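Below you'll find the structure I mean.
Each chain carries a letter (A, B, C and D) given by its place in the written order, and its residues are counted from 1.
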């Protein structure tokens, strides 16, 4: 077993949908997991509509990787929340599910976020930087940090108010700052908020955690590198299997070669990779 | 209903079932790390023999991203054979793979016959391996020919390897030729213990957003249910052409599709891409295969082999 | 948003759009009988040029049933080229097809060069035809070689036909070869006006109930979205190899997939199996193609041609 | 246009489901056709679930051929009834549809049944022989015959009572005789009923119409041929397109060559074909 990771059940399992509702621009899907362990913030699952995908012309075909956005312990298992951004046929079908429907699920998989203390020697606090659907894995991370008494600031960014979703439900409002690139009276990027925070003197002693679009992640990565702040980033790449079988999820390592993002990630330290944009189409 | 027996024999190896894995579609070591050692126990291991990912003499990092594309009822991959190279494979991987509860088949690829020779010699010397699968979907740097596209190259390669290992050699046929049965005949003539097919079909996809190919390597290979009808036809014609056993694969997703390959003439079947959709796909296929036999009132898989091969 | 123009030119023919049909996937005469003459009017006809089903010198009844099998995201067919033969085609079909509101391309197949010569000569003499598509997925009875698998055969055939017709000749390439670009180069050398690809991929399926092949002919050809990634790759490598226009097809189901073939280097695209799912598939693809160009802010299709061919 | 056939709208059209319910072993699906003409008994439609099929692994892919089992003129069009026998992925998906769902539909297609008088010179009456799901096209035929005052007897056969469906709803009970091969106190085949009827003296002057499994159709065909009774049979074959485009639906002609069943059929006279079983897998 990989150190400090909960052991997922063998193979895949059928889980039923217990709740499905819109959260702003996103869809919140809750499954009841009566077999699997509590996942750790940053981990993900491979999800397929059951009995199988409904792609009339053959797509979707592979399972889809989804970070969990929250969990609740229940008498009969763990209920797992997923936040969905409908970008194509797979997320579309998952967004159409309703209670009583079922999904094939494998996981939890992947390397979770590190504890603040492990990431930053004697960390004074944590800064969470999320963009778009990338806010999903930060929600359970925030709860975990707060439970551990780590002072935590949350900075979230969206293209525009209409593109936001899940903020109140997943984060509660206190301590959360949201930036909109457009459509608000004070347009800003989440990285603008971050630079202000990092300008503060305890910056060097805070642990930064981020997830969002590649461009944003790369900006966060550089900003932190420049200021000598350690940052962990939750990356994405096309994942066919999620458990190390296909070698498809390659992300270039800083020191040459590639990470298998599904097992060596999805969470990586900023200095482990060349760029958070590598692997973007045509890069 | 009598429980059908799936036990079979392949190139001298007694197998608990005809269901093995396609090279490069299941990393036993990663599965053990992700799901825990129990994933590799004899009760849980999904396959009756394990075929390693293709290894080369020197380490390879593999191709730049993106490496996969989802296609209609299938996927394109251009992984680029990332592997630790012969030395590290023998040192770090072989000790683990040797402990698997099933026979081990090592897939190898090289740029020329000497390279193949050193690979089979080195792995054979290390021990604990039951057979080799020769991945010949690569050019011979000397002749410039893709080995798997030329019967002469395949036969010449097999002739050479005979003096470097006593282990059975399986030729992994490429489907990207006009007549795979001719390559299979050359493999048989060269002394191959078996042939396996199909490997992936040359394919490509374009980035919807940019005007570049989606795959970092430009193009790749198509696998999954989409190619099954092509694979079934190639298995039929190869099985009709040679008398050595055929390992059939290409889009196997369940017991019925596995049975189709056996009815088409395959002695064993390999599950590939379906492993990505279901980490225990091999177990599922084996279970359904037994049920399918029972539904037909058949007791051993052999009774159906090649039933529809011609 | 400026309305994008789909007008284009192919082998000297001005076309209202790059969207034509794949031979054998739309019977204009039957469509006229089933949907009424209006189906063949210039407003309603789905294609910018019409490619006939392949005709042969002698009449052919076609293959015994079953002739089709539904595959994952595609279908296998073994129709067997049923057609009335040259004489009846010229007498009964040509007069109707000549009246279509678009240029007519006649697909022909024969067992040897003389047969091909008589076909193109006879049809050219009858008049009203704009070009020929040579279906070379058949053996030359003299050499025994599948014409489409041999560059020499293709070039030799084209050389011969030059003296029997002045009409442009299109070679329909088979995908069942290791390197279609080599056949395309031979076609260009032989004076072909264009190449079209892909034809279907050799495939088979077994009857779930009996142990016989499902298709009466034993095996057939795979078409539909399942083969699109293979077709895209072949169109890319053929477009990179020749300078004559390429007509791309294989699993086109909508504007985006049609655009993929154009971005891969095709000058025109053909809709095949999708016609079975939607009798006006050609119209739908044309409309979506125009929209796709507009979304990209592009005014003429030429701007995107080959954007991702290498 | 083909003589005496209503002209189908060009291409395919989106129709909505107005009713879907079980009828014994079958499923009755009713679509509202606000574009198409009244079809003629024996004709069929090509139907696809909209927006597209849901075959996760790529099937179903092609549209499915369905005879209509009844029509009702409405203010806003014609409601068309289909009787479904769930034998695979396509009929399964169509059987799962419910009101508000939509289908892509093309048709009506194909050669309808002939008028009794055209089929049999001065026909004294009609005998309808249906087996299994093959009863579907006979229902509208019966209504048509009765409307024309043609004395009509209906003989239906099913494997067993549990396999029957739609009889009362589609035929009403009077004049209908049903045979069960098993599971009833007097097991019989529908062809047994037919032979009794044909033994009657006016047999030669009755027109026989039949639809059902190939084996049954072939028995009917021979029985009628032996007794010099003309019969029309509604055949099946795998149909990819339904409108003459693919040449896939070939059925061997008695005088050599093949019929294209979608346009030369699905209704054929018994003496036009070699056998109603030809084209059965492996035959």
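Simple rule for what comes next: contacts are C-beta pairs under 8 Å (C-beta built on N, C-alpha and C of every residue); 3 or more make two chains touch, one makes a residue touch a chain.
Remember, it's a predicted structure, so these values are computed and weren't measured experimentally.
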**Q.** For chain A and chain C, chains touching each
**A.** B, D
Q. In whole angstrom, how far does the Cα centroid of chain A sit from the Cα centroid of chain B?
A. 35
(Q) Just the number, please: Cα centre separation of chain A and chain D in whole Å. (A) 55
**Q.** CA centroid of chain B to CA centroid of chain D, Å
**A.** 47
Q. Among the residues of chain D, which ones contact at least 2 other chains?
A. 55, 57-58, 61
Q) Could you say which residues in chain B touch two or more other chains, in rising order? A) 69, 71-74, 207, 212, 224-226
Q) Mapping chain-to-chain touches, which pattern fits: line, ring, star, complete or other? A) complete
Q | Residue ranges of chain B in contact with chain D within the complex | A | 72-73, 225-226, 253
(Q) Please output the residues of chain B touching chain C within their complex, sorted ascending. (A) 69, 71-74, 76, 146, 149, 176-178, 201-208, 211-213, 218-219, 222, 224-230, 232-234, 236, 251, 256, 260, 263-264, 304, 307-308, 310
Q.
If we count contacts the way the header does, which residues on chain D are in touch with chain B in the complex?
A. 57-58
Q) In the complex of these two chains, what residues of chain A are touching chain D? A) 49, 51-58, 61
Q) What residues of chain B sit close enough to touch chain A in their complex? A) 24-27, 30-31, 33-39, 44, 53, 61-75, 77, 79, 82, 207, 209-210, 212, 214, 216, 224-226, 273, 275-280, 283
